[in-house]
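Look for chain A in each of the two complexes below; its partner is chain B in the first and chain C in the second.
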Partner chain A sequence: MLGISDLFRQEIRVINLGVEAFALTLERLGVPVIHVAWSPPAGGDPRKAALLAALTEDEEE
Partner chain B sequence: MSIKTANQAALERLVQARPMLVDCLPAEKAMGLTGRTVLHAGPPLSWEHGCPAMQAAVLCAMRYEGWAADDATALDFVLQGKVRLGPCHHMGAVGPMTGIITPSMPVFVVENRARGNRAYVTINEGLGKVLRFGANDDSVVERLRWLAREVGPVLGAVIRAGGGIDLRALMAQALRMGDEMHQRNVAASCLLARTLMGHLARASIDSQAVARVADFIASNDQFFLNIAMAAGKASTDPCLGIQNSTMVVTMARNGTDFGIRVAGLGDRWFTAPVEMPKGLYFPGFGPEDANPDMGDSAIVETMGLGAFAMAASPAVARFVGAGGMQEAIRATEEMAEICLGEHPHFRIPSLDERGTPVGIDIRKVVETGITPLINTGIAGKKPGVGQIGAGVARASLACFEQALEAFSARSR
Partner chain C sequence: MLQVNAETVRTLVKKSAYHDSVTLLVLARQLRSGDGITLAAALMATPANKELLAQSGLLTPEAAAAGVNDLVIVIQADSATAAEVALSQAEAFFTAKQERLQGAGRPMPRTLESARRHLPDANLVVISVPGTFAASEARKALSLGLHVMLFSDNVALEDEVALKQLAVKKGLLLMGPDCGTAIMNGVPLGYANAVPRGRVGLVAASGTGLQQVTCLLAARGEGVSQAIGVGGRDMTERVGGLMTLQALDALGADPATELIIVIGKPPAPVVREHVEARLRAIGKPCVMALLGRDVAVRQEGLLATVATLEDACEATIAALRGAAWTSRPFNAPPGEIHRRVQAVRQTLAPEQRAVRALYAGGTLAHEAALILEPLLGPVATNLMPGSTGRHSVLDLGADEFTVGRAHPMLDPTLRVEAIRQAGLEPDVAVLLLDVVLGHGAGPDPAGDLVPAIEAAQAEARARGRDLTVVASVIGTAGDPQGLEPQVARLEAAGAWVLPSNAQAARAAACIAGGEPVMRSLLGPGEA
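This part shows the complex of A and B:
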């Protein structure tokens, strides 16, 4: 199993989730990066996320 | 019925609508609009909450109808409750920007042959100082009277002679010619003019009147916009009342509030303060001069066109400040994230013939935080100025959050 120090001795290819600034920084450094635009459901509001989850269950009935 | 099944039914009803342009008649005759009634764009609005441009347009419409000789008298009538105000949407109609409709105004009649329902919209007044942007001087009133006296009757006769115009086919073709049917309607207007031309020439109407009407249509690249809106209204209205569907059926703004209605929640409006549009301004104007977003024209986005079809219309992306082709494609792809499906008839060549995103789902909007993008004109906030630019606006997220709460409460 590779240690963390081994990881940085090889070519790094990155999949970045969420905050785009990290991907842009890596891009500027010439690191291959795929950015995935992701944010927590309902902006992280647990109540609205619960409402959405309940309605999704309804959809699956 | 599950939400999934209900949404499939709602989407199918929306995309399989067959809107046909069948007539142009005074609103009184076409839609039973009687008495001293002024219809406006957006969700319900009390006089005191109306923005200055909306209030100016209401008073101007009353002068046009001859109910009041001047604005002061018209205002007295309003404050005494002698004039009824109501949303166009409650009368089967839609109106751009201020969206004013009064009984003697001619309205296009669009019939959805798939369901038998009808929708109504005024004739687009053209550019410059016009009622829909809150302009209100005598030139505005004179143009409105000419539309009622000459343009409406001529167009009515010509459309009836043609036996109806298939708007879905016309819009599908215009989409392939670079229109998105909200900010750009030049192709659709030309296609409509081509369809009307023969009937116009054959009609037993004074040739000078025919020439004036032809010149009027030819001078306005946005002539078709109102008709696209009525097509959207006729297509979406039958979806209201489909139990358990989370699909958005109406998006509209009155210059103060943004409002939506949802298929499974009936006639109920969910409203929140409307946002300011962002875009390009005519020389001499800037964001400080702009009125908050306004009009029923977001019905175009509700049926899968307008900003949802931005990828079909890169020229518009530049005009409304959204950038170039890549931004246009991104806008359409972003809207796909909040929609139930793709339109089987409105296809975009530059996206390998994929259909435009259609059927906004309140759940997807709340889940992603992506709000519908709307192409829009920008009205001056000062009454009488009219249009000062064009751009894009976002629907208010709070409307969708409220609707989600109501939907959840209903199913508990």
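This part shows the complex of A and C:
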């Protein structure tokens, strides 16, 4: 629970993945934000992407 | 005199060039407004989008051959020159976007991990990538110890449960999936409105519900400490209210939050028990607005239960200011409502007896159906499969309307068509609409609908009828579009604009139902 209470006390700093307009709005409001030039992994194949994600998670553990 | 030439179709395919749906919507709108352009589409070539192209007759062989990671632009124009101009406009649009992203020495990370290296003290990740890829990005963010707002829809239920279990384990927020709105420390996320900071904390399984309540609070001079979206499925038995409970604990412990509002649909019974128990234990005044049939409006100790979004605001104001509160149908005096309804009813033909509600906001549509049904009888709505009735409430933001298409809060195309159609239907007495403003909404949501409203009214008049439009605008003076100019825009088109969605639904019911409905809402003295 400490995590959320901490967030309430911190400046909000955002990583944005997806709709660029959300990052532009935050930037206009002076909120620190970084937009990720995201593109679908594994050539846009959701099944391959899931396999890839599972492999990456195994490596992290 | 209009001269129609043979039409030219041109296709531009950009291989492995991903652009988000909102960016492409903005581009398609720009292209459509060009001279000599009859149709323009800008889409990622997914199977759903190819289907849409096929429906519009724009699935050219080049578009059909494109892959899911390819961007396709198809232009239909009345001359080859006009089509070429549009394609070069599209190229210029992407060059400008590229320059904007790379401009001012800005880093352009391609993954979450590298973004974090550029903004090491980031604490929140907003994810709006296509649903099939959203869960794995959210999992990465949580693993890195970051809070998540998951705007994406079409995330599998089992992924939602797993992500929320991970978030709870790590003491993090996982807002969503399909979380349209949140306000963290005064920062508006997604579709949120410009509302002041204040002492009311909100937990909402509903985006537009949250918007309505925070805007009404702002109009009454109260602000928001935190507004946490939990996703529409959080209070189902399967998800078990994992994030609602997590958010309630956090707001309970937050010294800036003096009162807590919970917004959503009726939870699973076992979840309701947990949520109510948690609310009672918090020791702060709480308001529960879980909109369903037969809600027992009551006050038990510090916990108020209300039946509409507007009443969530009113009960909150009363609790914070120690004032008495009773639900009232309209802000305007009963006599004024009665006179206005009577004036409208005099223009109706005998067969005009139906309410046609066309909504962009899902919870607003749900609330309208719940208000209309007891007053007017059965309501047909896509929110309740199998329902039938003279009156209808359509949620145009529902999944069946948004496959391969942006939400109606961004792309009014489907709603515009439905409004025009209503002008042709002889039984429609009143058109009921919501107009949602905010940081994520388009630049002129009311203006998007006005030409369709005027066209529908003209169609009705040409058939010897009047068509009345009743609406509410969900927004604040501080929103980019401004509440007053948007209300004025609708009023100039002859719409009756009420201060809340609940009041708009009641006004529509009065118009369609006449004296019996007015008697039940306004009391016997006025009808």
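By definition in this document, the second predicted complex is superposed on the first by the 31 of 61 C-alpha atoms of A that agree within 3 Å, B and C clash if a C-alpha of one lies under 4 Å from a C-alpha of the other, contacts with A are read in each partner's own complex, and residues count from 1 in each chain.
Here is the rule we use: a contact is a pair of C-beta atoms (placed from the backbone, for glycine too) under 8 Å apart; a residue touches a chain by one contact, two chains touch by 3 or more.
Values in this document were obtained by computation on a predicted structure and should not be read as measured data.
Student: Just chain B (first), just chain C (second), both, or neither: which does A:H35 touch?
Tutor: second
Student: Report for A:L51: first if it touches chain B alone, second if chain C alone, otherwise both or neither.
Tutor: Only chain B; A:L51 stays clear of chain C.
Student: Where does A:G18 make contact in the superposed view: on chain B (first), on chain C (second), on both, or on neither?
Tutor: second
Student: Which partner reaches more residues of chain A, chain B or chain C?
Tutor: Larger number of chain A residues touched: C.
Student: Could you tell me if A:G43 is touching chain B, chain C, both of them or neither one (first, second, both, neither)?
Tutor: It touches chain B and chain C both.
Student: Which residues would you name on chain A as touching chain B in one complex and chain C in the other?
Tutor: 39, 41, 43, 60
Student: Sort out for me which residues of chain C touch chain A in the complex.
Tutor: 16, 18, 20-23, 26, 46, 67-69, 97, 101, 107-112, 115-116, 118-119, 121-130, 132-133, 136-137, 139-141, 143, 145-147, 151-152, 170-173, 184-185, 187-190, 225-226, 246-247, 249-250, 253-254, 256, 439-440
Student: Contact residues on chain B for chain A in the complex?
Tutor: 2-4, 246, 363, 366-369, 401, 404-405, 407-408, 411
Student: Residue numbers of chain A touching chain B in their complex, please.
Tutor: Touch list, chain A to chain B: 39, 41-43, 48, 51-52, 54-56, 58-61.
Student: Residues of chain A touching chain C in their complex?
Tutor: So the residues of chain A touching chain C come out as 1-5, 7-8, 10-22, 25-26, 29, 31-41, 43-46, 49-50, 53, 57, 60.
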